[in-house]
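Each structure below appears as structure tokens.
Each of the next two complexes has subunit A plus one other chain: subunit B in the first, subunit C in the second.
Take a look at the complex of A and B:
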């Protein structure tokens, strides 16, 4: 690109709108003045390319970079790297000419072929076993089922083993482009989740006493992430009542295949009951028959349809003086092919005194994942309660003073000896 | 403003050394140690606390990790790390296959020896009855005459079978 073109580019961008596109500048050439000259340059660049497109992968000069950045796209990596990319031909990863790498790929591919043969064999075996009558098998239907189950598990294992050594699969998973309908990506995601995130949620369940308080036992098998609008919530975090006024968005990642229906429950397990001088629980949200699959993870609670919702979102609120409330969000998997009758559940299940244990037993659902947030009285709670039409914002809970049964003892020992004002400075 | 600060920046290490040398020369050691006036505790105690708080295991780990004999950690670009990973996986896979094949071969050899001995033991059985000569070859094969004792094979002859020859194939100087 010539220097004069470069110089004229900003001018072009100003003039492009005003200039008629139909103007054929090349045909009209006048002998003339400097002003004419500049116009010519302008028109030429305008007819050439209105906005030159720079590739963020290969931009190397600082001017081009700046122009690219002005369009909102930022160059990728270092300038050195971009120059290297620009000068080298674009060889796909698996064809990179490194001898050891290519030998390694050959070994891995041979192993994959072996595994694929094993998979075909195992499939054939399973279909043969399915076809045989259970009466002819020693042990009957029970043994047949057990054998089929173990064979299917082995088949899943083989499927994962066939793909686990593929570098491109690893790369795609790390980039977050993994296709969750495929077993290998689900396996990798599960492994990653168990490394850290699951440990955290298990720790919260233990620390905050969810297991004896809400459910008798619980082993999370699905990842549940929680967010209010743009705010991601870490497990067990204290959330401002103004933030938790809107229904949260859930991201539920299940790691086993297939579509299923889930029920979502948000339960507050620290509701103070004044009459009983005790704590109870309250249901803040309940919706059933929500479809969920490994590939579709997003579950915004506000998007649940009228037919699915049993109790709509009730904002999290904690009255003044009451200890923090634990709001646990549970994802419960329904039995395959079974749809809960929301209309009858609406009448049967009340918000106050909601018991998740009873609900799990009654509806035959299995808890698969949970997340938790906490809330405490803050300056926004009164407004939230007013907007949601909840009474009791003016109530402040106070600890009941327990009168000691033992009479007060006279000071003895050191305290008695140092009781006079002489030792005032020693007293606390 | 800018040139001044840059000059100060340049000569500040020099100043520092100058100052320290001055203080070392002029001030008594007690004053030297109390150069920090904002701390209420004596600097020696703080130092001792710090020294105590470092776990000796951590010191050891640091020592060995930062030792010049320890190779530095590999720092690869993304794609190079991926290639490295590929090669590593292939190597582990090949190694496992080799070990498994060796194990299988050993099993096969042991089994075939076992079968041969079993064949010898039951060679002369007739109709499930053991005669006088039945298993004679077996007994002969397992005889240990001339192995132990004074006239036996010396223990120096015993050597495990290995893939490669010994460093010294035959010891000519050895006598009984």
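Take a look at the complex of A and C:
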């Protein structure tokens, strides 16, 4: 029995009677809007159900959790919370009988009504302004556009303000059930991202020198998460060559509304060039015209179609002795309505010597998010290079000897001083 | 303390005069002597400063520490060359330079020294950097890519040759240490392991000693299959038996010693 079940035992004993009585009379209302399916099965059919369906809100034992996770649904919240929901009266949160809480809720609801009224008013104003002729406005079309823009921004602000105080919205967001097509959940997700994960990415960008080397300046506005098969990759983590042999899966979360087309680039910025005594860059993956929206976050790179892929996935490899290679995965947003011609880009853009600055300028895309991993030589690199048909697995890099500025020290000792012909007679 | 300057020779002379001539002439002589003494009064001396005062309040100035620039601007340096010695940070390390624990600025790349200011990095600080080309200007333009040098040579890796035809007899001796490349399988004559030393894996350690690891030594008993009867706390009979055996052995040892020693 799990610890939380042990903790909930006195409560269970207390409520067993009430539960037993209620089971027969009515189904227990949970925090979820729908009633418990497993209970329904018990009350409706007398026979034993062969495949019990687990509710993500009330699974408590690890066995049940694992079975639920295998179906693709994840349990919500902590196990302690789920045990509490299972064993308590399950009064819906908004109906909790605390006077102060209910009074506060009334105030918040009144405030929400006010905000909704303001939203309606603002919408009306916007529609009126759109309808008016720009010639009648003092300043013309430009002033009209500026005014419309600021009014629309204010409208977005009001939409957030109407919902930000709602505890159920907060709860739904924290349970991962927020609908990203709604602005409030996008706002909450953006805030959460900026609190921690974005700071990590910005730190990695600065530490690993991505900004001056790959792009002149970059501010992330979308969350990009990287995983190879089942293994999640922390930003800047060293990934084994055998793991990065397959194309990764991206989870990109944008925080502004609307669907857009993105381009994904994976660039290696530390390719050693012996002749130039410098480092070059190489493109390991390039795909364009990939649709992305706040609700659909999953982008497996292996599932990109032939029409979208410009350069297919090249496994990450680092030759022995070379310093670590940085692999940056960039998500670039294309201009609204613009579709890149992948066929022509396939001829024009080469893998070696790929410059992201030039690509961004040419195709007029804006970088919105990035992630990064590193790679060094390990036991599997030779095999990976062989399977991918890359030459150079047997090359090792050794440091060049630095010539000292000091003159070589003269030989010391009696023998050295008497080595010339003058002392031939003294020689042995 | 003011000490009177003593004139011992004069005093001694007066004393001897007084002893030798106790007549009226002596008193006259004595009077003369004392008059001479009075003419030359006792001198009490006081100097401006004491030795202690001088040592404590001396102006502090020790030997010079040879601080300052050791390499001038546009001078060629190699990694490790000290460029500037300082107390505190008059100069900060810039590109391809680092700072030691006593704020010494030294080069980490071969190149040419540059002294410069970078207001975008810090409004007041001044930096020392190393560039790869003599005419390159520091600070670099805003948001431009970093200049880097590979400083490496590509060498073909040696593939280890495996002896063809037959097994390579590698028994308890294995060659260890060094890089993986260039490792050759050496044909070692299979030395027959002595009884009780089967399964010993002697490796070549630094100092040209063939040795097995300490943990392997510790498990020698396990390998040999040594069986030890578990200790039973309240089994006095086994304890007595063991004690008797021990006493007998000790007695034999003592008698043996007496036989040889007391010869």
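To be clear about the criterion, the second predicted complex is superposed on the first by the 317 of 428 C-alpha atoms of A that agree within 3 Å, B and C clash if a C-alpha of one lies under 4 Å from a C-alpha of the other, contacts with A are read in each partner's own complex, and residues count from 1 in each chain.
Here is the rule we go by: a residue touches a chain if its C-beta (ideal position, glycine included) is under 8 Å from a C-beta of that chain, and two chains touch if they have at least 3 such contacts.
None of these values were measured; they are calculated from a predicted model.
Peer 1: Once subunit A from each complex is brought into register, does subunit C clash with subunit B or fit beside it?
Peer 2: Here the two partners, once superposed via subunit A, fit next to each other without clashing.
Peer 1: Figure out whether A:399 sits in contact with subunit B (first) or subunit C (second), or with both, or with neither.
Peer 2: Only subunit C is touched by A:399; subunit B is not.
Peer 1: Between subunit B and subunit C, whom does A:213 touch in the aligned arrangement: first, second, both, or neither?
Peer 2: In the superposition, A:213 contacts subunit C only.
Peer 1: Using the superposition on chain A described above, determine whether A:170 touches subunit B (first), subunit C (second), both, or neither.
Peer 2: first
Peer 1: Please indicate which partner A:111 is in contact with in the superposed arrangement: first for subunit B, second for subunit C, both, or neither.
Peer 2: So A:111 only meets subunit B here.
Peer 1: In the overlay, answer first, second, both or neither for which of subunit B and subunit C A:202 touches.
Peer 2: A:202 sits against neither subunit B nor subunit C.
Peer 1: In the three-chain superposition, say which chain, subunit B or subunit C, touches more residues of subunit A.
Peer 2: C
Peer 1: Per the contact definition in the header, classify A:98: touching subunit B only (first), subunit C only (second), both, or neither.
Peer 2: The first partner, subunit B, only.
Peer 1: Could you tell me how near the closest CA atoms of subunit B and subunit C get once both structures are overlaid on the shared chain, in Å?
Peer 2: It comes out at 12 Å between the closest C-alpha atoms.
Peer 1: Contact residues on subunit A for subunit C in the complex?
Peer 2: 209, 211-213, 216-217, 272-274, 276-279, 320-322, 394-400, 402-405
Peer 1: Using the touch definition from the top, list the residues of subunit C that touch subunit A in their complex.
Peer 2: Answer in residue numbers: 76-79, 81, 110, 143-146, 148-157, 159, 181.
Peer 1: Spell out the part of subunit A that touches subunit B in their complex, as residue ranges.
Peer 2: So the residues of subunit A touching subunit B come out as 93, 96, 98, 100-101, 103-105, 107-108, 111, 165, 167, 170-171.
Peer 1: What part of subunit B is in contact with subunit A in the complex they form?
Peer 2: 79, 82-83, 85-87, 89-91, 93-94
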